[in-house]
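Look for chain A in each of the two complexes below; its partner is chain B in the first and chain C in the second.
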Partner chain A sequence: MLGPLVWLPMVGVGLFFLPGLDGRRLRHVALAIAGLGFLWSLVVALQFNGQTAALQFVQNLDWLAPLGLNYRLGVDGLSMPLVVMTGLLMLVAIYCTEPEVDRPRLYYIMVMLIYTGVIGAFLSQNLLLFFLFYELELIPLYLLIGIWGGPRRNYAATKFVIYTALSGVLILAAFLGVVLLGGARSFDYDGQMASGLSMTAQLVLLGGILIGFGIKVPLFPFHTWLPDAHVEASTPVSILLAGVLLKLGTYGLLRFGLGLFPEAWAAIAPFLASWAVVSVLFGTFSAIAQKDMKKMVAYSSIGHMGFVLLAAAAATPISYLGTIFQMVAHGLISGLLFVLVGVVYKKTKTRDIDTLKGLLNPERGLPVIGSLMILAVMASAGMPGMMGFISEFLIFRGSFERFPIQTLLCMVGTGLTAVYFLLLVNKTFFGRLPEAFTNLPEVRWSERAPGFVLAVLIVIFGLQPNWMARWSEATAVDAVKSVALVRPAMAQLPGDQVSVYSN
Partner chain B sequence: MPVVLTRLDLLPSLGQVKPLVVLLVVASGAIGVAIGATTPLTRMLSRPLQPQRRFMQDLLAYDFYVDRFYERTIVRLVGLFSTAVYWFDRYVVDGIVNGVGLASIMGGEALKYSISGRSQGYMLTILLGIGLLGAFLSWSKMGF
Partner chain C sequence: MVLATSQDFQTPDSTVTFTADQWVDRLISGQPLLTENPHNVMEVVEILAAYGRVLGDYSKNLLYIANHQFLVLFPIFKYMNGDRSPQKLLRHGLHQRINYEFAEYCMKAMLWHGGGGMDAYLDTPEFVAGARRAIEAKIAGNPIMQGVDRLFSEFLIEQVRMSCYYSNLGQFWTIMHRLFMDLEQAYRDKKITKIIEVVNFVKDGLVANAAVPITYSVTIKGEIYDILPASQGLTFLVDAAIPYVEAVFFRSLPFMGTLSYNAQARMVPQEQDKFVYGALFADPLPAGGGGIPPTLLTQDMLHYLGEDLLAYYRTFGRGEHDLRVKMVVSFQKSMFCVTNGAIFGLAPADPEAARAHYRAWVDRLLTGRLMDVQD
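Our next item is the complex of A and B:
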């Protein structure tokens, strides 16, 4: 069941070498592969049983048994929504690729490698296998930024690869430490594999995991690669970066940080919550100061990913469910924002907030793109009725009981999100359209389509959150059980036992 | 929205609603409507000549100058703070990262001059490296 999700893109790579395929046809082939992958992920999701926290559709094959490396795949309520979202955003990213892209064969091969790497990482139930998939997306993304990026692409790509390589080293070291110090016979994932370690060893290994995945999330102060990468990357790569690749970081924190080291996690949870506050406020204030639309969205990602750390630190069933919602919500919303910024840039040739004005003009501007942008920023600012509201609400509700001060400070961050996004909309879309932008090229419906699809999903899941919650509720309750057990008896809160969401 | 709030079990039950609070809110609104509907809009009231009344009228007309106060305090403060945070990010956080990168390049450049071709130099480097590693390992063992 899960094998095709991982390997379909690799099979598709073979099709790119068929003779007679020009850039346009290669794009169609890539779209067909991504479409099939997305449909398959929906088939898996429909058969997924959300009532249990156990791994489902497990595949277990011996591979390099002496090394402890087995091909072990499985899906649970944490990875299921991320797999479906990855399938959708891959489809959107390929759809948003220019048909006349340079070196199309290499480009689509790189995209497919990322597809396999990300899905494989989400489904891996063996630490080494996860690491292999995690590293698989490093070089393709480096090339996607370095070859198809903007003027400072070499700097941005090199910075990205150094940071991510460092992240990989730390994660591998932590995984090796867990297995070698814990005395496990293989790298197969088991929530108990670090339970026999001393608290000092757990804290050291958890430190490696936190910094390793903190780079990928990214969390302050390991974030400086992200704004550069976003600014230099093309629109489809930005969609992949924000929508899919950052989620590997948050997924890793939950699966391997909270999952493997519940005791150490509970011990440093107040520090993690405070770190989340710094990350949220730093990202948010930096976003306010931006003049480049893309850089503003990039800094907003740093802020929004900080919410995930806050909720993970709180580790209550509601906050854990909030982290899953936030990952998917951020994937869809940031994907939408980058799609729209890409269209604005394509039509106006600038992303400068001080230069753009009046783009909501109904006759000569970009009224539909502007309307979608308003919806996207409302969703990002957590307006009710949209997915961003549900995720942030769950996070704050689940975290407040454990870290009230930190939660309130993060809520200030949400308020400030509205500030910078309203500044963005106010400056670029309202007012009188300058003479320079009165003859903008027409926006075709095909260019609007990805934005519409993402906007509809953001609203649908905002109004019907339990369609997603039913996948993850049991996992959320189960995942924080071990943390709740190790907390001091006085620190036990009613939220540790409550039913999470649906009745 | 009401559906979402109901699903999240956030709407208070009718038993939790305090009649006195409801009465006060509704009454204050009703009194305002009544005053507005019955007060004739005379020329003097529309723009009084006395400075005190004029000041009072402006104070009410401009919402106690909350907007201007907000603009000159909160908005300016947030703007300044965000600029400072971004400066810190660009020149301090990113500066350290770029500095480490530059130091690595310069270190590599400097090291190439250490290639002398003399084997005793290489031996000394290896011995120093092993010594440092041994010292670190024994220190960390004691630490744990």
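Our next item is the complex of A and C:
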């Protein structure tokens, strides 16, 4: 069941070498592969049982048993939504790729490698296997930025690869430490595999996990690669970067930080919550200062990913569910924002907020793109009725009881999201269209389509969050049990026993 | 009937950079304000043809409101022209209708800016006495209206003044509708091939109708009440056309488009005669935005847009997707031609006086979009 999700993109890589495929046809093949992958993820999701926290559709094959490396795949309520979202955003990213992209075969091979890497990482139930998939996306993304990026692509790509390589080293070291110090016989994932370690050892290893995945998320102060990467990356790569690849970081924090080290996690949770506040406020204030639309969205990602750390630190069932919602919501919303910024750049050749103006002009501007942008920024700012509101409400509701001050400060951050995004909308979309932009090329419906799809999903899941919550509730309740158990008795809160309930 | 293909009307690059003196010299020598070229002729005549048909609709409704909605306190069916059938109401609700609001917008601009003999007459005791008779007849047996009249004694008088403007503009546009339809026919008959011929056609039409009387009376319970009696000598050119040009082409009112005007911040002139929000000054770019006058007018003209003009619009910009902006530009060209006709029609015979006359007009027009519509 899960194998095709991981390996279908590799079949696509094989198809790309068929003779007679030009850039346009390669794109069609890539779209077909990504479409099939997405449909298959929906099939898996429809058969997924959300009532249990247990791993489902487990595949277990011995591979390099002496090394403890087994091909072990499985899906639970944490990874299921991320797998479906990845399938969708891959489809959107490929759709948004210019048919005339340079060196199309290499381009689509890189995209497919990322597809396999990300899905494989989400489904891996073996630490080394996860690491292999996690590292698999490193070089393709480096090349996607370095070859198809903007003027400073080499700088951005190199910075990305240095940061991510360091992230990989730290994660690998932590995984090795867990297995070698814990005495496990293989790298197969088990929530108890670090339970026998001393608190000091747990803290050291958790530190490696936190920094390793913190770079990927990214969290302040490990974030500096992200704005550069986004600014230089093409629109499809930005969609993948923000929508999918950052989620590997937050997924890693939840699965391997909270999941493997509940005791140490509980011990440093106040620090983590404060770190989240710093990251949220830093991302938010930096976004306010930006003049490049893409950089603003990039910094907003830093802020919004900080919410995930806050909720993970709180580790209540509701906050844990909130992290999953936030990952999916941010994937869809940031994907939408980058799609729209990409269209604006394609038509105006600039992303400078001080240069752009009046793009909502109904006849000569980009009115539909502007309308979708307003919806996207409302969703990102957590307006009720959209997915961003559900995720942030769950996070704040779930985190407040444990970290009220930090939660309130993060709520300030979400309030400030409205400030910078309204500045963006007000400056670029309202007012009179400048003379330089009175003859902008028209936006075709095919260019609007991905934005519409994402916008509809953001609204649908904003109005009917239970359709997603039912996949993850059981996992959310189960995932925080171990943290609740190790908390000092006096720190036990009613929320620890609260199960998330949906109808 | 397609008279020419769009290829015949390729827009040349704008090279027009006349000074004010050169404009005056051009007018003295009988040259038009708008550059002579074939596509300008097609554009101006076609847009005036569409506008003329819209004026026919507008004028019927203005006259209907003036005559049949007289002192109706809540005239919720005023745009129905007397037809309140479910089909008509449904079409109205679905916005399959003419934007009569635009006509009212122009009427209110005239009411507010005033000018001409009618404006002066509306402040006389004779008018008030005539209006009062009609009011008394209308509100007889209606205690609510009588109460309103008792409480706010000037309110119904002011409503009658507004009805006068409904009627005035309705009568003016009835004549302009016929004039523009005749112009279109002359173009189709190949009698009009140049811009100057369009200008002269308008001038001749204005002059021919100059003395047409403007009167207004209402029938209440079978009895006729004169509000603007013929004895006042109000006429088409002086008391309708000229105040209309001043109020609608030049001054108008600041409307919400992409700009929010703040009168307290002096973004709106304190003196009405300094207003420059009229058709000859309006920015075409906001056309298409919700509820603003250029959008309302272009939506209406779109119902009647000729195939030649549509084919021409398809050849540049966003084809049919930015029609409203293109229509506003064409409309401004046509309005400069109409203004040109009025300028010629009002020009004195004395050469020195004519030069001063032209100079005064040119100085005003140059602050508008005269240079922007040249190509």
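The definition used in the following text is that the second predicted complex is superposed on the first by the 501 of 503 C-alpha atoms of A that agree within 3 Å, B and C clash if a C-alpha of one lies under 4 Å from a C-alpha of the other, contacts with A are read in each partner's own complex, and residues count from 1 in each chain.
The criterion applied here is as follows: contacts are C-beta pairs under 8 Å (C-beta built on N, C-alpha and C of every residue); 3 or more make two chains touch, one makes a residue touch a chain.
What you see is a predicted model, and the numbers here were worked out from it, not measured in a lab.
Once chain A of one complex is fitted onto chain A of the other, the partner contacts of A:Ser380 are absent, as it touches neither chain B nor chain C.
Put simply, more of the residues of chain A are touched by B, taking chain B and chain C as the two choices.
Look at A:Phe285: by the touch rule set out above, it reaches chain B but stays clear of chain C. Within the superposed three-chain model, A:Gln202 lies out of touch with both chain B and chain C [touch as defined at top].
Contacts of A:Thr428 after superposition: neither chain B nor chain C is touched. Those residues of chain B that touch chain A in the shared complex are 1, 3-4, 7-8, 78-79, 81-83, 85-86, 89, 93-94, 97, 101, 144. On chain A, the positions that touch chain B within their shared complex are 159, 162, 200-201, 220-221, 224, 282, 285-290, 384-385, 389-390, 393, 416, 419, 462-463, 465-466, 501-502.
Against chain C, in their complex, chain A makes its touches with residues 358, 361-364, 430-433, 438-439, 442.
The touching residues of chain C, counted against chain A in their complex, run 258-259, 283, 285-289, 317-319, 321-325.
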